[in-house]
Amino acid sequence: MDDVRVGVFICHCGTNIGGFLDVLRLVDYTQSLPNVACAKDNKYTCSDAGLTEIKNAIAEKKLDRVVVASCTPRTHEPLFRSTCKEAGLNPYLFQFVNIRDQCSWVHMQEREKATEKAKALIKMGVARAALLEPLEETEVEVTPCAMVIGGGITGMTCALSLAKRDFEVKLVEKEERLGGTLNSLYRLYPTQDEASKLIQAKAEDLQKNPKVEVLTSSEVKEVKGFVGNYDVTVKHGENDRLLKAGVIIVATGAEALKPTSMYSYNGENIISQMELEQRLEKGKLNANKVVMIQCVGSRNEERAYCSKVCCLTALKNAMLIKEADSNAQVFVLYRDIVAQGTQYEDYYGKARETGITFIKYSPERKPVVEKGSVRVYDELLNEELTIPYDLVVLSTPMISHHDSAILAQKLKVPVDKNGFFLEAHVKLRPVDFATDGIYVCGCAHWPADISESISQAYAAASRASIPLSVGHVKTEPLTPVVNEDECTGCSLCELTCSFQAIRVEETEKGRKAKVIAASCKGCGACGAGCPHKAITMQHFTDEQLLAQIISLGEVKP
Amino acid sequence: MTPQEGFSPDIIGFLCNWCSYAGADLAGVSRFQYPPNVRIIRVMCSARVDPAIVLEAFVRGLDGIMVLGCHLGDCHYLTGNYYTEKRVKTVKSVLESVGLSPERLLIDWVSASEGERFAALVKEFTETIRELGALGKEANCDIQQLKTRLAAAKETLTRDRIRWLVGRERELTEDKNVFGERVTQEEFDQLMFQTIEKEFEKRKILISIGDDALSIKEIARKMEASPGKVLRNIVSLEHDGLVSVVGIEGNSPKYRRVRG
Amino acid sequence: MEKPKAVLIVGGGIAGIQAALDLGDMGIKVHLVEKNPSIGGRMAQLDKTFPTNDCSICILSPKLADCFRHQNITLHTLSEVKEVKGQMRDFSIKLRKYARFVDEEKCVNCGDCSAKCPVKVPDEFDMKLRKREAIYPYYLQGVPAVMTIDREKCLYLTREVCKICEKFCAREAIDFEQKDTDVTLRVGAIIVATGFDPYDPSGISQYGYERYRNVIQSLEYERLICASGPTGGHLLRLSDNKPADRIAFIQCVGSRDFRNNRYCSSVCCMHATKEAMLAYEHDPKVKSHIFYMDLRAGGKGFQEYVSRGEQEYNISYIRGRVAKITEDHDENPIIWYEETQTSETKKMTVDLAVLATSFVPRKNVEELAGTLGVELDEHGFFKTDPLSPLDTTRLGIFTCGCCREPTDIPESVAQASGAAGRAAEAVMG
């Protein structure tokens, strides 16, 4: 370890770090640490200039370990690792120190203490870096098949897109027929096309396509494996079928909240927007005075979010009512009309022109549905109105599908606090999960209209096609190594591992644990529990963790 | 209890990569402010946190340790955090044997979307440790005693017997064995407690003997324990082949450690 | 001849970048064309992003670097598409690559040249809030990270005098001999991701933009509050460099307005909320007022974000269109508005007024549409159909992001991946 030469690069991140920590003092301090061959600060270490500086320093200062103290490894570790790689340094000889997200940004009023904390963090990082060892990734083949869960418009579009690329697709739908939510809709905004025609066309395309196998009345029962090698058990009636897939796409949609016990809902003359769709399709409205109430069960304390599609749905149905009977009176009681983008604003304008009356109410003074009339305080006219009705239509939000939580557990992917699937990154990875090889699109992710769902379906198909196209994925070498001299073959590791990635086998030396690297996810549960401490977790060895702790102990006064 | 004057605790947080570390990042991105006492060590899963490593951190003088993982059921590695829960429970039990407050070790769950919760947890835990004071304040013993006890505790947690039990807890208490029997949680906890106590006492004796040859009385004095208890354990240690009699002074045999 | 397994992407903002990375990762060759000296687009100009307040450049930077180093992606900065021939699966593209007058291989972006350059002109990236030289980096974290000479402002290139930069460049990277070149590329599909321009609010004279120094537009605000912006992240008034404690955000400037753009720009409710939050984070004394028509917060976590703004960041949301803005003797903007609750005309004096200008198509969009042979919608955005939202009117040409409709970042990224998927279908199918 005496020969180790660590280079440390400390980022100002503009003023994100530099504004709250004394970066120059950090540089001085770092230079005094053992094994540190050079310490530098950069305005932005992640900029091209910063990366070039790292590469140059690796060559010029003969660095064999690199530490970057900047933001978070969750976003920037790949970048710095590949920079090391480009300079000929094994990427696992790189160590990240988080002095922004977990230091400068959370101690903005304590410059002195935050700087001291950053010193400790850098010291820990350097101590660990000195013990890092070069590691090599392993490559795993990808099963050239995608599984799409959910046969609504999103899932169908996604499956077709992948099939056009010549990938095999298994489309799993829980119901007897394809179509999902669109099966209960009449027409679609803003084109007023019939939902059933769209579904029919897509379903026919799917049936014709030899690359797609459609499994209706089928449910995902169990999911095992990892990117490139998922084993999915699909239940169809009494039969289980094991399917192999390289990637999985979640397109399970959402459902509309049923307005039970809201605004005297009775399913007869006070109904939901979904029920209105059915009546419109059958042409049996029998109502001349219609009052629609928006934000029923949403944007409140229980359900804070805006479900985005309900305003346009109301506009569409209101226009359909007016179209069928221009004498019909339609009132839309709203809080904010959410009609974003280039087409929907015009659509809203069109609705206004047809003579639909829009009345703004505030959440403090909600409309009151009484027998025969609705009382509402008009925020713009500043007066209370009484509107007689034949029919009240309640616009409820899309809520997460009741099966989402169960599916999420099977797939081991997270859901957000509203029960919608939680993507890997809100801004830049909208259709990926943090788990490789699993993707999400459409209303399973968040309420979306047809157009948006289709875009996302193509997006998920695109993302999922990456491992399928390349044909293999690389797995990180964060795997355990068994010291056979210490291993007694007790098989506690086998019991602990959830991935069947470590198994006790008969060897020349007797019963010993063996690691199946391709299945291993690198959690380290086996190593931390081994009774004889016979397992070393690569890249997270006891020595590396202890070095961090010990260096911290030394910082103590 | 009143907080120690000017005491600023040193705390380590072991955070799993997927949920709690992401939650800590989110706290940063959202600028939720919290005390600067916690130094975070990132691990892929909270299940990587070996009980012996936690003890080592106390040996090195850290005042408090947080182990944070994904919420139960959300573990990126399916079941890792269940093991963490069992392991941390064991360490807490050992801490009690040492005479330290088990509150010095926190296990909790923070998701990737709980930045605010992370900040709140850090705030709360830092305050708890501040109130407890520097490590060992509550143990009512001198620093040398504390060091002996901590070293014994650490060795206890590297014993295969204990580690084996911890690893089997879920299986033993949750699944029925081949005979359709199941160990109740109370039975298991009782068994675990006794095993830890015994191992801990034995380790303390070994450390107290060190490189000397000591009589039961001398050991008991050093450990501030009753000679009867020491006698019981030394018989067991002799049986394990870890100590042997190297001579007799007066009527008392002198024991020395057998180094493997 | 074999069909080209390559895709042309026009526009190097977040949408173009994401599409390029997806295609590149699939093993498809990509030509990423950007007319500016560096890729990054509008997202690079933003300070933070809603609803997580992630630092924009922090999350964008890794993607810029990935694009730059990707073995399947060729960057063509300072370039424009001049001609498109052929059809889906076999397009022939003529690309004009403008001279940078700096050797990209030699330049290390040290800035010795610009330190000596005698020319000072307004910097477009910083919304003209500061001056730059005629040889300059497009922006600090830009990729490729090299200098560029502004041919319209450089003394040598306009009047054949100076060349002082050449003298001071230790790496001999300055090359006045560089010529514009035309290259021909063969691709199977094209993705258009040229983004948007902010609407010029000087057309709405009652708001006094350009007349009053403390009436600014959103993108200017983003640069002002950004740590790498002209004031180092200090939110100072342009009139007197004093901090702004009372801020008015005026929504729908040039949008939802029959005299200007009828459509809604989709993201302004959210970015105004974010901007108000950032001001409060910089200084908790700040009080913000957001004047809006309908609050449109339909995205994931958006409504909660707005509520948090209201409860924790000292933001008031006031419904009503602002009639006009005047100013007092201290150049404080006065907001005249009708409060809808009382129908009264009221006025409010603030330190700074920020106009949420609508997103309009890039100014040369008709020319590009003509070159590509695709239709625009009545507003000038690339025309798509709701059921094939990423396809333009010409087979094999796809579109994503703000050039098809004002769109937030997650949706732009999703569309970009989607357009990449569509392009891959065309190229590989």
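Per-chain numbering from 1; labels A, B and C assigned in written order.
FYI, contacts are C-beta pairs under 8 Å (C-beta built on N, C-alpha and C of every residue); 3 or more make two chains touch, one makes a residue touch a chain.
This structure is a prediction, so every number in the text was calculated from the model and none was measured.
J.: Of the chains shown, whose Cα mean is nearest the mean of all protein Cα atoms?
T.: Going by the distance between chain centres and the overall C-alpha centre, it is A.
J.: Between B-C and A-C, which chain pair shares more contacting C-beta pairs?
T.: Taking the two pairs in turn, the one with more contacts turns out to be A-C.
J.: So the centre of each chain is just the mean of its C-alpha atoms; given that, what is the distance between chain A and chain B in Å?
T.: The separation of the two C-alpha centroids amounts to 36 Å.
J.: Distance from the CA centroid of chain B to that of chain C, rounded to the nearest Å?
T.: 54
J.: Can you work out the whole-Å distance between the CA centroids of chain A and chain C?
T.: Inter-chain centre distance comes to 26 Å.
J.: Would you pick out the residues of chain C that each touch at least 2 other chains?
T.: In chain C, the residues touching two or more other chains are 52, 54-55.
J.: Taking each residue of chain A in turn, which ones touch at least two of the other chains?
T.: Answer for chain A, listing residues that touch two or more other chains: 416.
J.: Using the touch rule from the top of the page, what residues of chain B touch 2 or more other chains?
T.: Touching at least two other chains: 29, 31.
J.: Show which residues of chain B lie in contact with chain C when the two form their complex.
T.: Per the stated touch rule, the residues are 26, 29-31.
J.: Please name which positions on chain B make contact with chain A in the complex.
T.: The contact residues of chain B facing chain A are 10, 12, 17-19, 21-22, 24-25, 27-29, 31-34, 36, 39-45, 47-53, 56-57, 60-62, 73-80, 83, 87, 111-113, 119, 158, 160-161, 163-164, 166-168, 171.
J.: Name, in rising order, each residue of chain A that touches chain C in their complex.
T.: Where chain A meets chain C, its residues are 13-16, 19, 43-44, 46-49, 51-52, 71, 75-76, 78-79, 82, 86, 161, 164-166, 188, 190-191, 193, 198, 299, 304-309, 336-346, 349, 379-380, 382, 416, 420, 425-431, 441, 445-447, 450-452, 454-463, 465-466, 469-470.
J.: Over in the complex, which chain A residues touch chain B? Could you list them?
T.: Touching chain B: residues 72-74, 98, 100-103, 105-110, 113-114, 116-117, 120-121, 124, 409, 412, 414, 416-417, 422, 434-435, 478, 490, 492, 495-496, 498-499, 521-525, 527-533, 537, 540, 542, 545-546, 548-550, 552-553, 555-556 of chain A.
J.: Give the list of chain C residues in touch with chain A in this complex.
T.: 14, 18, 22, 25-27, 49, 51-52, 54-55, 57-59, 61-63, 65-66, 68-69, 108-109, 140-145, 226-228, 232-233, 256, 262-264, 266, 294-304, 307, 319, 340-343, 377, 379, 381, 386-390, 405-407, 409-411, 413-422, 424-425, 428-429
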